[in-house]
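By letter and in written order, the chains are A, B and C; residue numbering begins at 1 in each of them.
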Amino acid sequence: MHTYIEAIRKAARRLLTEKRVDAVIGFRKGTIPFMNEPVLVKHPDQVDQLTWDSHCGINLANYLGQRPGKVAVVAKGCDSRNIVVHLLENQIQRDQIYILGAPCKGMLDRRRLTAECRGREPHSVEEFDGRIRIKGRDLELDLERRAFLQDNCAICIHRNPVIHDELVGEPVAEQTGVDRYEDVRRVEQMTSEERWQYFDDLIAPCLRCYACRNVCPVCYCPTCFVDESKPQWVGKSVDPTDTRTFHLLRAYHVAGRCTDCGSCERACPVGIKVRQFTKKLERDILDLYGYEAGLIADQRPPLDTYRPGDPEGFIK
Amino acid sequence: MKEAYLAKDKLLPLVGLLMARYRVAAPVAVGDYHQFQILTQPEQLDLTYRNTRLSPKDLFHPQSEKLFRFSTAADDPDANILKEVERDQGPRLVFGIRPCDARALRLVDVNFDTADCQDPWWVERRRNTLLVGLGCTAPCATCFCSAVGSGPFDPGGLDLVLTELADGYAVAAASERGEALLADLDLLSALDQDRAAAAAEVQKTAAGTVARPFDPTPLGDKAMTELFQSPFWEEVAFSCINCGTCTFLCPTCWCFDIQDEVQKDAGVRLRNWDSCMFPLFTLHGSGHNPRQQKPQRVRQRFMHKFKYYIDKYGDGPACVGCGRCVQFCPVNIDIRQVVALMTARCVCPA
Amino acid sequence: MKNPYLPYPVRIDSIVTETEDRNLKTFKLVFLNPEDENKFAYQAGQFAELSVPGLGEIPIGIATSPTEKGFIMFTVNKVGKVSSHLHNMRPGDVMGVRGPLGNWYPWDKLKGKNVVIVGGGFAFTTLRSSIVYMLHPDNRADFGGITVVYGARNPGMLLYKDELVAWEKRDDILLHITVDGTNDPNWPYNVGFVPAITKTKAPSSDNAYAIVCGPPIMIKFTLPVLTDLGFAPDRIITSLEMRMKCGIGMCGRCNIGTEYVCKDGPVFTFEQLSRLPNEY
């Protein structure tokens, strides 16, 4: 990881000094364990703020949409796929971005790490040789990194950036033999009633803070459907019906565009596993259209494309 | 009676006693976190917590609350006339609230309980609820209550304060209602000198461990427009995703929206928590939005808590240093850093 | 404890379409319970929340003067969910009014002064309230000269047309009506933007206060004119608009710095505004 940091800073310094970009989007070290903060660096003498570690789960492509000028961005595999989606959807032009590709071995799940501390407060976290060492008050843990990856990272098969201008690290081996849809099958095997209860329990703590939506790179509508008033589609209270509507419809709106970056689950302040909605649609899109979001630079998402061979009967 | 002692083995029986007289809200373990809930059994109580994820403000200001009902039926003589929704305003007691959260309720009182206008629901609930606080023996690294005028055993805002000792709790009255309650409770014994000294020691140690990441004095001194026009807001706002996490978890955020919802012939007017982080918050019907840009909204939150509130009410900031926003902001915007920027005597250009 | 969120039930007595584009209508409202009218005692400059059950509430300036008894009037622009529904309502329909809310034009300070009123477009509603109030026989002697400049985009967009014509003829008020432009060759009044007409008519700032209400662009260009005429910032008064919900300074959304537009305003002097963040 140290080599990544060196490479990111070196590239940032060079790009800013040569004025090839106006700013570099990366992460700076967080103020609490398991967190880092996205940062916009504008001056070459500020690039030493930039860092990289296993707590960079937030998708930086979220900060690219409609951005003027030229910007460099550090992008993991999933982030780079979201950049492709942005390009397909005209949210930014290719010549505006300089992509610093960061091959990724998975990001750590801050919630699982916190839970492992069993109520004691972590003060610091270090990582080497595949182990994570957490220290705090009355707290010292030595954990296996692989056991604490974010859920989406554990099953990721696109760890290397699919688009980049330069890489800040060596490409990593892609995971093979990964079951990407175990969760989906588990839910599909439930009865209707069980499924209803499962999802109701899942979103019961939802505060309608919209962190999941706002951290998502493909949720960029100037007025989200939950904020429309003429007509008003969704109530704004925490009524379970309205909360269901929000989560179900958002999953549909990102279908075929979601890259399973896991930022939504990471952002949620109450730990809702919102990917339980999006994974199903991701699997369906794959089955129906053979499509994965953001892999091919000129292949539009299936739900905004019509092709004569499309299976839907109603459109024939 | 001003102080007493509660042995640990008397804790649950005491809670049971209180539950016979009040609806008791207390921290309950829910998954990996704790939450204030109305207890149905004393055993639900779990005081082995640092703080709840959601603040107890929703006991006084529920996230969604029906205010009025009305009918829209054409043949109803009372159609379109609002009627207040019945609610149970019976006596309640919050057991195990942290001093920061109790102080937060005081800070919010000035908004809902004014000389010429009272929010009837907030005011009633505050009047009907006793607050029994559990002071913080081991404040978190993210706490900064002492920097904003509070402290881990701050009695202001509480009726009783508990200090955890080896085998029980020192109980101190912090208000007249607290004194009356103490006098009226069985299962307590007298607080002997040793235990009183031990409690004082615990409190002193705790106060010494709370970080003070900034000195709030410059906030009062600096001009409002000077802070407003400071150059660092763009930088502070960059990572913000304008979600409602900080505002919803914050014990001193009170902003709300009023919405009408109708199903067939029956409607309700309800209020929901709202957030200055949302663009819709200040959107005019004409389409004009005074806070169209993200940095303007981010600036509003910090300016409100650490400048406008100070100037308007002459009290400290509208923040109790509970640290929830620090722990839960999805992008790790750290309020301690932002306020340090606001209080800095000299801000170096980015 | 009085519940400040509970509206007084009112009935729509009449609806008058004011403008030719039909986007502005004046609603005359009558209280269902006569004693509510006494409780609603208001001053010119205040506003109320018009409550349409099922849709929501909107903050609208009170267009009537407290001297007009038995009813209250509001001129509403159709911009959104609630106002659109309101525009489709009929006389006889029941709705609600919550108020009076906000502060009012500083009538105590205006006593014995000359009053200059500059209004544009549909911001004229509380100015109508003020003019009717001042012109009332009980009050007229309290004020010196009253000069009004009121303009709209074209003749069809002027509010309260009949009253304007009547006021223009009176000798106890100097009313300059203007439009930005018109195709009417017989247009008897001024043609020109409000700030320009204000400059031409040059009302004296001697012992005077100015009340300015209008779209931001009009205010932007009128302020320098008034300043050049000698009006100090604490003698230029305006009434601001903001998105509001509670109207009682509790929901938190309408603040400019420390001030809630619904409670500490909507009436402010420009001197007060100069000390607040420029965010409105």
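As a working rule, contacts are C-beta pairs under 8 Å (C-beta built on N, C-alpha and C of every residue); 3 or more make two chains touch, one makes a residue touch a chain.
Every value quoted in this text rests on a predicted model; they were computed, and no experiment measured them.
Asker: Farthest chain from subunit A, comparing Cα centres?
Answerer: C
Asker: Centre of all protein Cα atoms: which chain's centre is nearest to it?
Answerer: It is chain B that sits nearest the middle.
Asker: Which pair, A-C or A-B, has more C-beta contacts?
Answerer: The comparison resolves to A-B.
Asker: Taking each chain's centre as the mean of its CA atoms, how far is subunit B from subunit C in angstrom?
Answerer: 39
Asker: As a quick test, compute the distance in whole Å between the mean CA positions of subunit A and subunit C.
Answerer: About 50 Å, centre to centre.
Asker: Can you give the whole-Å distance between the Cα centres of subunit A and subunit B?
Answerer: Centre separation, subunit A to subunit B: 32 Å.
Asker: Which subunit C residues touch at least two other chains?
Answerer: Counting only residues that touch two or more other chains, subunit C contributes 80.
Asker: List, in ascending order, every residue of subunit B touching at least 2 other chains.
Answerer: In subunit B, the residues touching two or more other chains are 257, 259.
Asker: Help me check something: in the complex, which residues belonging to subunit B touch subunit A?
Answerer: For this pair, the touching residues of subunit B are 31-32, 48-50, 53-54, 63-64, 138, 140-142, 235, 238-239, 241-245, 248-249, 257, 259, 261, 270, 272, 275, 278-280, 326-328, 330-334, 336-337, 350.
Asker: Inside the complex, what are the residues of subunit A that reach subunit B?
Answerer: Touching subunit B from subunit A are residues 30-32, 35-40, 42-43, 46, 58, 62-63, 111, 114-115, 119, 121, 123, 137, 207-211, 213-215, 227, 235-239, 266-271.
Asker: Under the touch definition given earlier, write down the residues of subunit C that touch subunit A in their complex.
Answerer: 80-81, 84
Asker: In the complex formed with subunit B, which residues of subunit C make contact?
Answerer: Touching subunit B from subunit C are residues 1-7, 9, 32, 51-58, 77, 79-80, 83, 93-96, 216, 241-243, 245-246, 248-255, 257-258, 275-277, 279-280.
Asker: Where on subunit A does subunit C make contact in their complex?
Answerer: Touching subunit C from subunit A are residues 229-230, 232.
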